[in-house]
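Worksheet: one structure, shown below.
Per-chain residue numbering starts at 1, and chain names A, B, C and D are given in the order in which the chains are listed.
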Amino acid sequence: MDVALAKAWLDTAADAIAAQADQLTTLDAAIGDSDHGVNMNRGFGAVRTALAGAAPGGVGAVFTLAGSTLVSKVGGASGPLYGSALRALGKSLPEGPEVDAAAFGAGLRAGLDALRKLGGAAPGDKTIVDAYLPAVDAYDAALRQHGGDGDGGLAAAARAAAQAAAEGMRATVPLQARKGRASYLGERSIGHQDPGATSTWLIFQALADAAAP
Amino acid sequence: MDVALAKAWLDTAADAIAAQADQLTTLDAAIGDSDHGVNMNRGFGAVRTALAGAAPGGVGAVFTLAGSTLVSKVGGASGPLYGSALRALGKSLPEGPEVDAAAFGAGLRAGLDALRKLGGAAPGDKTIVDAYLPAVDAYDAALRQHGGDGDGGLAAAARAAAQAAAEGMRATVPLQARKGRASYLGERSIGHQDPGATSTWLIFQALADAAAP
Amino acid sequence: MKKFINHPDAVVREALVGLAAAHPDLRVDLEQQIVVSADAPRAGKVGLISGGGSGHEPMHAGFVGLGMLDAACPGEVFTSPVPDQILAAAKAVDGGAGVVHIVKNYTGDVMNFQMAAELSGDEGIEVQSVLVDDDVAVEDSTWTAGRRGTGATMLVEKIAGARAEEGADAATVAALGTRVNEASASFAIALSPCTTPAAGRPGFELGEDEMEVGVGIHGEPGRRREKLRPAREIATMTLEAILAAKPVAAGEDAIVLMNGLGATPLIELYLLYGEFAGLLESAGVRIARCLVGNYVTSLDMAGMSLTVCRADPELLRLWDAPVRTPALRWGV
Amino acid sequence: MKKFINHPDAVVREALVGLAAAHPDLRVDLEQQIVVSADAPRAGKVGLISGGGSGHEPMHAGFVGLGMLDAACPGEVFTSPVPDQILAAAKAVDGGAGVVHIVKNYTGDVMNFQMAAELSGDEGIEVQSVLVDDDVAVEDSTWTAGRRGTGATMLVEKIAGARAEEGADAATVAALGTRVNEASASFAIALSPCTTPAAGRPGFELGEDEMEVGVGIHGEPGRRREKLRPAREIATMTLEAILAAKPVAAGEDAIVLMNGLGATPLIELYLLYGEFAGLLESAGVRIARCLVGNYVTSLDMAGMSLTVCRADPELLRLWDAPVRTPALRWGV
């Protein structure tokens, strides 16, 4: 993973979120307050602008800047959560314009840990965690299985992560929310797909797309 | 016209207005404020109660009481207008438990005059006057033609009045309002039947029904 | 129809029960259906009385109290009060200096207040009247019952109320109220109809992309129907109509009431106010005082009205005078 | 969607332009998106800061001023503010005595205010926090993110604001705010959904004979859906839920907030208040103070919330203390 790929990932994610913003908002209308797509779109649009205007020398700096931008521009629950995750990812990476797939994987997990520390959600609570955790696990498993050298390893691991995120996302449908706004609905949250888990899938899918050879 | 018929008329009118209240309100929704049926029903319901509780000795007293009740209970435009008309009718009648059809006709015209003095509406302004005026004219004409002695004369005159009121009412449809709330609509008042002219017809129809042999 | 009510016929009465419970400063007479300031009558002070159909809350009962109205006569929803109510109010507030009626120019209101004035006169109470007809959406012509009274009513009530508090006589208070009315112009636009409890259904239908231009405050249709437009264009159109009818010159002061008709959220009223303030500034008009909120409403109608009153030092002084009512309070 | 706006993305900003134009007593910083009392910072006075998503007007910006908040941080519609805003507000109002955050208990608000507290701490500003979670429609369980903060927020802001005005230190003001929150319970019912400008469509659909019970103030569906019932039954159900969660004994005092969610006319709020007042009286509870109106809203949602706060002489004294803000004013 180098600076160009890092930027390409976030750009691809911004495109996907812009394209799916309406869908994310509709999901949030059912069990939340109809703003998740708007929030994510505002945030990733700002990330795109910030990255276009800056020339971060290291991969880590790209993610730290992106994370800080999300924290500064989004608000709501998703802003601090995704922002902290990206910041932790950025800060956990070794300095330099390129990091290997294993370090990047460890960084993704550091991001997850930061998000979980901040939000306190456990798997099964019907949140971002339900897509993010299986994605990171799948990434690691793929790396262990196929080896992580070169971009080929990263691409395969990212593909596995995106697929696991999608499964995790779909698995939120039958869950009753225990965290975030959807928890106020009690049993009425059952039967709806979690908006945050959905945006998480979009982000991992964007990684897979950007990393595809 | 005796006390019993006077009461029967007002009772019949109260019944008709109760039955048509919704229709009157719907007409008022189109060019007014959706309350004419409610107003008239509240007023004539109160008249019924007032008459049931009182034992007016004269015909005139019946109408004076009814008119005062409308003034006290209705509000809006229709309360003072119909109230003043009935009060003027009552006050114009000779004392006593019975009056002849000619005196009653003169009383109806006195009521119209009071109403016009208060409201200032001319024929063609799309108001109560457009049903009331032709009704009184038709009443007088019928009386002149067929003679006014006995209840037969009154019944025929009332029938003619009701028919003329109906025609006057229908003739309000193409008019542009010049008085009352409907005038604020400008040309948009054209094409709707006036609620007040409609309640006037109901009242004259009730007279015809009550006076029918 | 979805409303927090028990029965359509009981709405006005039951709301008055709540008003009485909420405001011990007011005397609510459920029998006479009037709302009176607790310290009325005050000897030598002119009594200010207003009233009209219910459904415009907080007007008028919300404006009863120190420095504003002495009594309000709420009629049934959108139906002017009856003479008996108004007479009862006059008796309750006359402290020997007579009363001033503040009447919105609707056929029903005018007739009922006029009848009440005669009854009050018979009882030896001097009555002066102010007729409010500020709505410039309606042209004053042989084709109308004159202009309607809308938002300026509360300006008249505030300013005349302050003058009455200063001890002016009935004729002076009424003349001042008339002056405020003459200096004021209003224009309203609705995005939705309203539903009266008794009718149970909206007064008109409006498409998803339509607005009703030049509406009154009784749920009646407006002067015309147009395609919905951005706030900036709506503000421009509204202000043009107002200033064409009653110009305020560059350099002059104005009191501005940015009023919601009931169901329009405050965030939109502030947004609109920003547009109006910008336009007035461009025109060189100084907004000396303003109010933004729901003051003269039309039940659950989504919409807004703007009232602009050309002001002078006297009007501003009286505007600033202390007022303590349920819906308007400052300086005390 | 029918709203008086220019563009969905510009609503919050343009409404702030209007707020600034309407209230010269406020300093509106459009860059930082904060609203600050004109005389802030005041040396030695604790700075009270609140904020949250926009769409709840007049809360919070309408409560900035003497005796209440020193600053408000309006986020996008229904989206909590970002840490930068809150930090900017802290810098603007800290007069050396630190600041108190008043935070409604939503995941986003809690996290953003927490991050801001850390940033402010880094800048040497002491930060104390009050977490408001008065909505008893939500059970506080492992199945929820805790109770939501709703109507009690304005009670906390008023009472803590008065205490800060008296010169108390940050810890004392925060402790008092927490005490008000603990003494308060709220419950809300909606008759219609609301529509955010960005979404452009209602958050949920509701049948002509249905009400949404236990709603929050962000347009989200409620705890359950029921058939619409008469106001009296709705009041009984609402008050039972409130008193079951936070009992007020016979003979005790209460401050009651009869709040509209935005599109419900005042006449209905008064009618409801009459029902609640009757029920509380039957229970022997004394309504020492009350407010009836739209204070903590949810855009154009038709609905109401009731907040009951068990009061004592200290809370009543602070409630009565002078306040001068756009939306709440007395004693000055």
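Going forward, contacts are C-beta pairs under 8 Å (C-beta built on N, C-alpha and C of every residue); 3 or more make two chains touch, one makes a residue touch a chain.
All figures in this text were calculated on a predicted structure; none of them were measured in a lab.
Annotation: omitting chain C yields the touching groups A, D | B among the remaining chains. Hopping across touching chains, the smallest step count from chain A to chain D is 1.
Distance from chain D peaks, on a Cα-centroid basis, for B. Taking each chain's centre as the mean of its C-alpha atoms, chain A lies 75 Å from chain B. One finds 29 Å separating the Cα centroids of chain C and chain D. Averaged C-alpha coordinates give centres for chain A and chain C that are 55 Å from one another. Taking the mean of the C-alpha atoms as each chain's centre, chain B and chain C sit 32 Å apart. For chain D, residues that reach two or more other chains under the stated contact definition are 77.
Going by the touch rule set out above, the chain pairs that meet are A-D, B-C, C-D.
The touching residues of chain C, when paired with chain D in their complex, are 2-7, 11-12, 14-22, 54-55, 57-58, 62, 77, 191-192, 208-209, 211, 228, 230-232, 234, 258, 262-275, 277-278, 287, 290, 292, 294, 297, 299-300, 302, 304, 324, 326, 329-332. Note for the complex: chain A touches chain D at residues 25, 29-35, 38-39, 42, 71-81, 118-119, 176, 178-181, 183-186, 188. Those residues of chain C that touch chain B in the shared complex are 53, 75-84, 106-108, 111-112, 115, 138, 142-145, 148, 196, 198-199, 201, 203-204, 216, 218-224.
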